[in-house]
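Taking it in order: structure first as structure tokens, then the write-up.
To keep things simple, chains are lettered A, B, C and D as they appear, and every chain counts its residues starting from 1.
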Amino acid sequence: MILNEAIDEIIDNIQEVSSEIDSESIMQMLDMLIDAKNVFIIGLGRSGLVARAFAMRLMHLGISVYVVGETITPAINSDDCLLAISGSGETSFIISTAKTSKNRNAKIIAVTSYDDSTLGKLSDLIIHIKGRTKIDSEKDYIKRQINGRHQPLAPLGTLFEVSTLIFLEGVIAELMNKMGKTEADLKARHTVLE
Amino acid sequence: MILNEAIDEIIDNIQEVSSEIDSESIMQMLDMLIDAKNVFIIGLGRSGLVARAFAMRLMHLGISVYVVGETITPAINSDDCLLAISGSGETSFIISTAKTSKNRNAKIIAVTSYDDSTLGKLSDLIIHIKGRTKIDSEKDYIKRQINGRHQPLAPLGTLFEVSTLIFLEGVIAELMNKMGKTEADLKARHTVLE
Amino acid sequence: MILNEAIDEIIDNIQEVSSEIDSESIMQMLDMLIDAKNVFIIGLGRSGLVARAFAMRLMHLGISVYVVGETITPAINSDDCLLAISGSGETSFIISTAKTSKNRNAKIIAVTSYDDSTLGKLSDLIIHIKGRTKIDSEKDYIKRQINGRHQPLAPLGTLFEVSTLIFLEGVIAELMNKMGKTEADLKARHTVLE
Amino acid sequence: MILNEAIDEIIDNIQEVSSEIDSESIMQMLDMLIDAKNVFIIGLGRSGLVARAFAMRLMHLGISVYVVGETITPAINSDDCLLAISGSGETSFIISTAKTSKNRNAKIIAVTSYDDSTLGKLSDLIIHIKGRTKIDSEKDYIKRQINGRHQPLAPLGTLFEVSTLIFLEGVIAELMNKMGKTEADLKARHTVLE
């Protein structure tokens, strides 16, 4: 089924992302998340949903975390860290958020496919997550033509969004280990009001 | 214009709510909000928006507050307080939330038009906010017939929702005074990321 | 109690807003909301909550409405109308939204305290809602000093936010009348999933 | 790194989910989504974020879709379809939503790890997505002990949530194909207000 092919295409991208991970960057990322007084997370659209899924687990780990745009998110300050998720690194609201955060001396982690983007240049640490590149799109196009199919199986930002989500699940596993947290610790902080 | 009449009808209800406020309940409410380790706020629909407007100001005051249903809301515990807003006091998700909170020994403040509702009975403190009562509806109906108009100017839960919002703005003024907080203190915690 | 004084201060502002309403602007606003293929609503912070409370009632009236930032909000087009709520008229995300909307030939309604703001200048229709002005702040300050109280009873954007909410409740009453909708019509579209 | 191991564990689960997909259920699911007047999507916690990611793509495809709990979600009716995501199939708010929907004669699709759950029994169609089962947990435990590690790499509902997200990305690919939609069609409906 097309469904299985789409899943395979997504898994391929995730495996590529996984193989390209630079352990030094990860170590730096873990330190920035743990050392921050508060972590602020931002993403828009589907990247915003990925951002929230990660924020929820940081909360379960006992890290003080806020999602930009939610009700109780306070001012960001110099002891804080902003983690910004943007495939293109050019989403205007995210750039203005990063600029404000930088002006207030907060640290910035960018999760993006484009290290040279405006967001990338504003950041203290860039986590590179491969999405669909133009070259891939062309290769895909030829492959799809041969198959008699003309549309991508993972349209728009899908590869970036899903790969970022799973990468961040891996970061949670690293944090659990580094912070000595058990699944029971996470469960104890999980909301009971649903 | 109808618009001005609608506003007058809303103001009438707010003034009635203001005149009926019981200062002992307010003192108790302030203490519960200040003494709680964390305040959890819940409301559904438009009452949920009122709940969030209040939560945002509590955050500005430096009170640790969470909105039920948002990303980073943790488990509620015995040192915490749930403030639940429900006109009817019978919204099913709110009742199940209140029951879970009570089982975990959290304190409960109900903001409702119906003190004898299921929510009211579960609560440690009831703040009564008058909405549109059945008798009012009938009086209104006669008034509207005389005017040749047959529909309420503040339909459905509007009177309860708006009166609750403004009542809670008054609670913020009380909290500022009691906690010795200035407008500058609030501004310092107001989000800068918008 | 301070609580009652705060409510009185809020009511004073609402009454002033109500008395200053220009019926021609309202007629134009009603037409723009009814004639639009889709109405898009935006506000940030507490103004965003006011925006949502209004959007929910527009949905109850059967108007096709979207809240900017929610999951299922599509692209805005030339048959659509953006209603933007910003006290200062200078919130950066709202201005960039208004510019994009204007470039795509959507109509824009601004609800603001500052007609000459960037948002005001981008808009096809300005609805002026008085908030706390600087002059008021000074008058208030003297009044508060005399009373031995030094902090405003309705801090930050409270007067604008609450007055806008109640103004928009009045707009709903106008729309019900103009569209021939009954409270039962609204109730029929009210969510049953809570 | 632990990070890569966690990603591998997640990919293993996704591949198992992919291999177990029953094409007849998928065909039925596609028909239910396309034939519904409106699709309502519900999930809580991280499953709610997965639900929204799917809803956004349905909107891009031009399907009329609402997320339960968002501002403009109307009443559900007999021509509509509820898609409910719950790993356990026992989340209380989701069950009460499913019951209300059933009483109003809407069709229900359950996405769950437990076909015999309360949600499963209320549904017209069950899509089974394997999460972490008890047997897996035990196997994992032994594996982790051998490795000298004692905590799961994908804690709590992670495997279900991520596998469901990627499964639903595959459903989008199927829908694009069946509805004859191009990536350009999706892009045309993608929000421009961010």
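In this section, a contact is a pair of C-beta atoms (placed from the backbone, for glycine too) under 8 Å apart; a residue touches a chain by one contact, two chains touch by 3 or more.
Computed from a predicted structure; not experimentally measured.
Under the contact definition, chain C and chain D share the contacting chains A, B.
Two chain pairs, A-C and A-D, are compared here, and A-D has more C-beta pairs in contact (counted per touch definition above). Interface chain A/chain B: over half of the residue numbers present appear on both copies, so the contact uses mostly the same residues.
Each chain gets one centre point, the mean of its Cα atoms, and the points for chain A and chain D are 20 Å apart.
Chain A and chain C have Cα centroids lying 34 Å from one another. Touching two or more other chains at once are residues 52, 56, 60, 69, 92-93, 190-191, 194 of chain A. Residues of chain A that touch chain B in their complex: 40, 42, 52, 55-56, 58-60, 65-76, 97, 100-101, 104, 188-194.
Residues 69, 92-93, 96 of chain D are the ones that touch chain B when the two sit in their complex. Across the complex, chain C meets chain B through its residues 1-8, 10-11, 14-15, 18-19, 21, 23, 26, 44-46, 49-50, 52-53, 56-57, 60, 91-93, 149-156, 158, 161-162, 165-167, 169-174, 176-177, 181-183, 186-187, 190-191, 194.
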